[in-house]
């Protein structure tokens, strides 16, 4: 995935959306798929505000075994229905090698979560898929390890990889993670892959999603992934960091200005 | 796994060896199983020096896809042969849910590596096994997350869990990781499970294995896991941190003194 | 310094320059003052490119006692001459309580370096000065500790404080430090003080100064501090992260666009 | 301070006590000197339990300007009186270059605190003193930076330096800091200076002082510094990590066993 082997930048297609081209890719949607109504309401809201891709978790990695673990296959079915309704391609996390075939069949983009960035068997499996992969940076992974994880996917045959910086773990716990802005230009200098940012997981707080998203775009990110929920206070996971659809629309407005300032569009 | 539910300490049986009892458990062997000769030579060396359990990796998680990935099933077969020869029970890492049944059949203790500490599907699978589990702490996992990962295993039905501190990732890279000595008494205060230490991975350098091992025992660890290789300079993985069998015997001698000083034996 | 006591934002005057107002403050100049020619050439270059304040170190904190420690008083004299020539107010670091009176007499803004953020006697001394203070965040300081350090200055009577995020120390050493973008909006939410960014020290590499500076402005920073040297390859300190005057002019051009996109000017 | 220039280990004399010799040095006493009664009661308690050197802070560095800052000169006077009474040499922190002459006159060992490890002017001043220096490791200092800080003292003429590991700042905040056990053998391999450990500041909790102290000694530390207070619950600073004199006596008993196990005495 190094730029040495391929000096021009890659553009990765997700459904009809190009990631890594002049136009930024905006991925939005709920942390977890919770119900048909929640997902459709969210999908329509983010579509209207200009999002390009719908996100939603069906298989959730959770620190405690007693927390909500996602709807599983039912979640995939609801995501497909939301795509049907809005036309937005969908991205969802695949957590287990045994889910890969099923998720690959349903989703337009396969997400590898931060905690699985060095789950090498899973990387190899998605490396054998025909859908593109969104590879989140591990919360304690160096940039080099992140790119080597991408190399595991590429070595298995899948070159359609999008990198996603989502905050790293440091001594400062004011925000949930420390968003590593510098990782964006460094990853873009060292690889030909598109690099996007996830300001929702990085900050863990809705009020800081906008400044991190704007900063990421100004620093050269090729897109952002933002958590949106129709009723954040009732979310089954990650409520405090979720924007309402109208707050998301407002962020989109501000992203547009900054995108233009750096020669991109939204 | 909290001590609130069970105030007395657990003792976990691995073959005929008790981990968590008065006598410390010493696990030793090569990072990777490389060949019959390498493994047997190593197994006999560590047995003679007083080790209780033989370690050896058959499925290796590797940062780069181009590095040696382990011998796989052939490695398991060689481990079983070494157990046959020496009588030592064996521990080996299981990396993928699809390997669990096979590894459970062969090994006496199933190791979950640091990079898989939050691979929740894998935790659940080993939680369904009848063999005990050695759960390494993730390199950026808080103690709370480590214990919650153990809870994933316990919630799936397997209460025979041994925790292993193996160093965390910090700003200081003089050694490979920062060995978190305090995690040992804290984990022992918060859980009833045995807690051991891996000074080899923590330090990454053979010359610092002994001081970390001695410190861990003095601070209350229930055992240590040490990498030993008949020819460290020719090892296919982790050579710089591997002890020769004779250096290991020397460390055992020093461990014995410190163990006695804290009311334990080796 | 909390916003609770003072909900409106503070504007700090440095000479005739307002920091924290609609117009961003751009501080530029060499890491160390090395000679009259070096400083004047630099001062004129950054003035022409639109900088507001000239920086230059006379007393340098250096990890090794055998490195260049700065020109001391002679450096202060050269800074005053550069102000005379260009009209730019000057900022320089004060490292020792015994230098405070002298530096306060000469400089328009007193810098407290990252390594002295918790040198409480020094904070108290600059708290007794009539010149404003630029307080850099310590490389392992939480945001709370940073604001409490500002409180030490304020408690001694000086409320004219500018905060500066300059990167924190984390496990990732790809860049010199990890620029903590989120600290900017958090510090602005918790205090009424202006907050600027130092992308030069954060990145340690000239090629990453622009993306970090642009990101900081997009995320709400009130200004940036950038190291500029007429001949970076010959600098006595921090050469690799210094921009040439013409590279700085190019960064100013890009900053202008992003500033406008977020409703500010340069 | 490198071992290259001086292969044999240094022994530093503090009053009549040798630090770095076969017998371990135990430093104990309150965080802050609070009153004559508090200090004398503490001094007699630790002396009786076998401590070699009395500690006590007169000038306290405090995160908030509104916390107790120490008794200053009065604290020095009380320390001298405690030495008079018990015969124990005393160590106290010097925080400001302007206090150095006075503290040097009174104390037997000058402590540089973690927050001042890179206060280079202060290092230079104590480098000009005739009393030995206890140099604590900065909470985000690499081992290399710590040794370079010692080099600042040595370059100014004072070679009587004792290094002290006191925990570093990492992502895990279960304990106050992460005690870096590996730093002890590494510092001893790279320098000829004695290296001791401060388990009280590292852990921040009285119940974890003993395991960290025992671990440090087993790993090769030349001594420990432990906070003791006659009534920890009424301490003006660091109460939660302070041992009572009788708990300290119990720790001394355990230290003695481990010291013997590694060929040292207490």
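To keep things simple, chains are lettered A, B, C and D as they appear, and every chain counts its residues starting from 1.
Following the convention adopted for this analysis, contacts are C-beta pairs under 8 Å (C-beta built on N, C-alpha and C of every residue); 3 or more make two chains touch, one makes a residue touch a chain.
Computed from a predicted structure; not experimentally measured.
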Next on the checklist: Can you tell me which chain lies farthest from subunit D, using the average of the Cα atoms as each chain's centre?
Outcome noted: A
Checklist entry - So which one's got more C-beta contacts, A-B or B-C? => result A-B
Item to check | Mean-CA-position distance for subunit B and subunit A (Å) | outcome: 35
Item to check | Geometric centre distance via CA averages, subunit C-subunit B, whole Å | outcome: 48
Checklist entry - If you look at subunit A, which of its residues touch at least two other chains? => result 140, 169-171, 173
Next on the checklist: Give the list of subunit D residues in touch with subunit B in this complex.
Outcome noted: 140, 142-144, 168, 170-175, 178-186, 189, 202-203, 207-208, 211-212, 214-220, 254, 257-258, 260-262
Checklist outcome for this item: Given the complex, residues on subunit C that touch subunit B span 140, 169-171, 173
Checklist entry - Which of the residues in subunit C come into contact with subunit D in the complex? => result 61-66, 95-98, 115-116, 118-121, 124, 138-140, 145, 148, 151-152, 155-156, 169
